[in-house]
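Same chain, two partners: chain A is paired with chain B first, then with chain C.
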Partner chain A sequence: MKKKILVIDDDFNIRDYIVSLFDDNGYDTYVAGDVKEGIEVAKAEKPDLITLDIEMPGEWGPRFFSQLSQDPELKNIPVIVITALSGHEHAIVKAVASLSKPFDRKELLKIVQETIH
Partner chain B sequence: MFKNILFATAATGASDHAARVAFNIAENCNSHVTIFHVLGVPSRGFSQVVVDVKTREKVEVDGEYTAWVKEEIRTYYEKYLDKGLDCTIDVAVGVPAREILRRARAIKPDLVLIGGSTGSDEEVFYKKYAAGSTLQKVARSAPCPVLAVNRPAASFWGGVSNIVFGTDFSKTADRTFDFALKVARTMECELHVFHAVDINPVPGGTLLLSQDEIELKIREALKEIRKRYWPGLKTLKACSMDVCEGIPYFEIVKYARDKHADLIIMAHHSKKMVEENARFGGNVEQVIVRAGCPVLSMNK
Partner chain C sequence: MAKKVLLIDRETDHAEALKTFIQRLEYDVTCADNVDGVNTSIARRTWDIIIADPFINDTMVDCLESIKKSQPLVQLIILAKRDRLDCAMETFESRAAHYLELPVNSKALDLALASAAKTISLNRRISRYSERLADLHNAQTLLSQLFEEVPCYISVQDRNLRITTTNKRFKYHFGGQIGGFCYEIYKYRTSPCRDCPVLQTFEDGKSHSTEEVVTSKFGKQYNVLTRTAPIKDENGQIILVMEMSTNITQIRQLQDHLISLGMMIGSMSHGVKGMLTALDGGIYQLEKGLSQKNDARVLKAFGQIQTMSEKIKKMVLEILYYAKSRELQYREIEVADLADNSVSTIKPMAEDNDIILDISMPENLGSIEVDPNWMEAALVNFLENAVDACISDRDKKELILRFHVTQPNDDEICLIVEDNGIGMDTETKNKMFTLFFTSKGSQGTGLGLFIAHRVIKYHGGSVTVTSQLGKGTQFSIRLPRKKPDNAKTVEFPKTER
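Presenting the complex of A and B:
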């Protein structure tokens, strides 16, 4: 059974790029453009992993993580932060990894494989 | 609330995270922001030649130079200012802490916002463990609340919805609680009141408290929190009260992380800086240095 990944990013181009990367490597992908939609999709699909942008319209990435970790059904889903903001490495202390845009495709895939296989 | 913000900045990378928070608050609260930059310290007396705080070079301050610096600052913060925020750019010559306090007294902001240390590379070691001297001096003496954003990690929340108020049951803490309550009410936030029972051993000594004694102190502290703060807390939609034992500043930072706090509010007592302790400061300064969210302190 294919592993599910939820990609949360307000930038359509980045979202598209990450989704095609995961699709090409045998994952099922779901997308959301903001925190509210991200929580809705996470609840509906129960993904195996989430990639999360930090700066988004309305609520920011740490708020998504805060809501995620307070939901008993979602709190153990690993999160990878992908952002262009500098100094983001400690933005979400309990994220499994934090990558800067532009990121290395191989590095992202390696982290995903190590985390959910 | 927060209609008039004084944002003290070096307009370098060291102030980027504070800028993110300052402009985010301004956007959410429709505030006026005074972006304030201290050009440098006069090389001697009332000389027009100052040592630039950014480049450490000597420069002669005149109208042309001042206009150029303001334009540089405007360009540096272009992405925020282009959103149409209500801003004034202001510069001064002198010792940064003194000038920030002087400007705060003059324009009477309801919030001073300041970033981390801009010290020289030799001071990098201390930046990890101690608040910058300007921040310390401003937090101790400002006539209004001071919001400090020391770590980049403290700047990624985008707004306020979850406040931790750290108390030591002092009079200043009680006044600060009233302010925290006002912020929580106005911004419709959750407010978590927290006290850490200090189990720091005396220097070179061992822990003197038994577990029974620690737990008795925890119970007393919870009783004290309820007595002092419950009448205010119960007017909020969501709140909590907690006590635990440990080294206070670590416990506050941990508690804020567990609560996903996007703002910590604490009282600041020390008016005077004890020189030998200046590098490491008190509990508030250590919380400022270590917190994963902005820290608001009040000194009166």
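Presenting the complex of A and C:
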């Protein structure tokens, strides 16, 4: 059965890119454009992994972590942060990995594979 | 060296006898028996002692007076017969050193010569001292000029940090209060500064330097680089300390501009990173589309690459042409969203440090016209400052950060950031909005609150602060709901948030 990945990013082009990358490598993908939608999709689909952009309009990425950890069914889902921000280490300590934009495709796929296989 | 004696006597035998006697006493003696001889001798050399009978002819008195005038240090010993002695004394008074009766008593002559020799030595010493005193005076004038004109603020302080001397530049900018405390005059403080370099120099005798922000008598704040030097007495004990402060405000302003530039590049780089990622995505789609011979995917990828290259071009042009300053980008947003977004940024940090967040906002706060990016960055700065103040407090069992939003009137909103952390002393409170002032040592840059305060001011708002050391701090930020008429251009770039 295919592993499920939820991609949360407010930039359509980047979201589309990450989704294509995962689709082409045999994953099932789900998307969300903000934290609120991300939590809804996560609750509905119970993904095996989430990629998260921490800078988004509305609620900021770190809030996603706190909401995720409050839900017993979601709190153990690994999260990979993909961000263009720097100097916000305190916000991403709970992530399994953090990649800087523009990220290395192979590195992202390798981390995903190691995390959910 | 033998003292030179001119002996003036009309009687050759008597003169020779005297000469022999005086030579035996180790003086260099020359004889003259008339005015012409005396004039020739005078012209030839200078004399230490002249022994003469002023009454050998009619002109000798005038001749001796003239010698005494041209050589005031010459010691005059007058020889005269008993009946002329009083007349001689009346004529020369104190201008002659001794008056001896003819025929001369050898012992009296010996004593008169010894006394004259002693006076000559004394005169020479006094003359040398006078020369040195003049040199000293010149050196003192030069040093005093240097002290007054040197292009920095100089004060000399005693152990109680009372100012004992100041230079011209100091007096002009900080007043001439001799006897005042350094910390009062420089900083309007009531107690010495922490890590006072002057006290350190009194302690270890070494030079110390610090960077300070001082306030002039005109109320202007200057960044100064301060260096101290001990002043010791003849026993090597430090009695005073000199403090020299160089005004580096302009350098700091330049740094401010450079940092602004750096921050702007940081902000731009954030945007560029996102665009490069999307461009990467386009290239990936293009590769896949070509390898899969999927025209639709190729076309989509091409469109994406084109869009991204346009965006990057636009941004580069923006950097090139609009790098210097930007207008605040006002938008009408919900006050609740502004407050929520700001708090959510610091929430993880507060939670990680067991700080209780007490947030209260009435419903229907309505909207406000602000530049959301700038305003959020400013509020986050105040909130982060409160978190830091709590983290630094190691005494309290319960650390609380309160964030309250109120509506004091229809036109304004008030955001209150309050913590029960370490609090601030008066100096920190007075200077916290000064560029590069930080109370966090190497952990702080001195930029955060400076920028935050400016942002509030440019939005037409105000910040009031109350703080008590050990008890906590409250920032009360008032903001007008509507964009002010005189909305300013910010001279620093958009931050990353």
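Everything that follows uses one rule, which is that the second predicted complex is superposed on the first by the 114 of 117 C-alpha atoms of A that agree within 3 Å, B and C clash if a C-alpha of one lies under 4 Å from a C-alpha of the other, contacts with A are read in each partner's own complex, and residues count from 1 in each chain.
Please note the rule applied: a residue touches a chain if its C-beta (ideal position, glycine included) is under 8 Å from a C-beta of that chain, and two chains touch if they have at least 3 such contacts.
If you're wondering where the values come from, they're calculated on a predicted model, not measured in any experiment.
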*Evaluate whether chain B and chain C can sit on chain A together after superposition, giving fit or clash.*
clash
_For A:K101 in the superposed arrangement: first (chain B), second (chain C), both or neither?_
second
_For A:K4 in the superposed arrangement: first (chain B), second (chain C), both or neither?_
neither
*Looking at chain A, which partner touches more of its residues: chain C or chain B?*
C
*Using the superposition on chain A described above, determine whether A:I54 touches chain B (first), chain C (second), both, or neither.*
first
*asked:* Output check: A:L85 vs chain B and chain C. Expected answer is one of first, second, both, neither. What do you get?
replied: both
*For A:S69, decide between first (touching chain B), second (touching chain C), both and neither.*
first
*Check whether A:Y17 is in contact with chain B, with chain C, with both or with neither, and answer first, second, both or neither.*
second
*Have a look at 203-211, 221-229 or 257-265 and say which bit of chain B overlaps chain C after the superposition.*
257-265
_chain C-contacting residues of chain A that also contact chain B_ = 55, 58-60, 62-63, 65-66, 85-87, 90-91, 93
*Could you pull out which chain B residues touch chain A in their complex?*
13, 16-17, 151-153, 155-159, 161-162, 257, 260, 262, 292
*Over in the complex, which chain C residues touch chain A? Could you list them?*
270-271, 273-274, 276-282, 284-285, 288, 304, 307-308, 337, 340-341, 344-345, 347-349, 351-352, 496-497
*What part of chain A is in contact with chain C in the complex they form?*
11, 13-14, 16-18, 20-21, 24, 55, 58-60, 62-63, 65-66, 84-87, 90-91, 93, 100-103, 105
*Okay, in this complex, where on chain A does chain B touch?*
54-55, 58-63, 65-66, 69-70, 85-91, 93
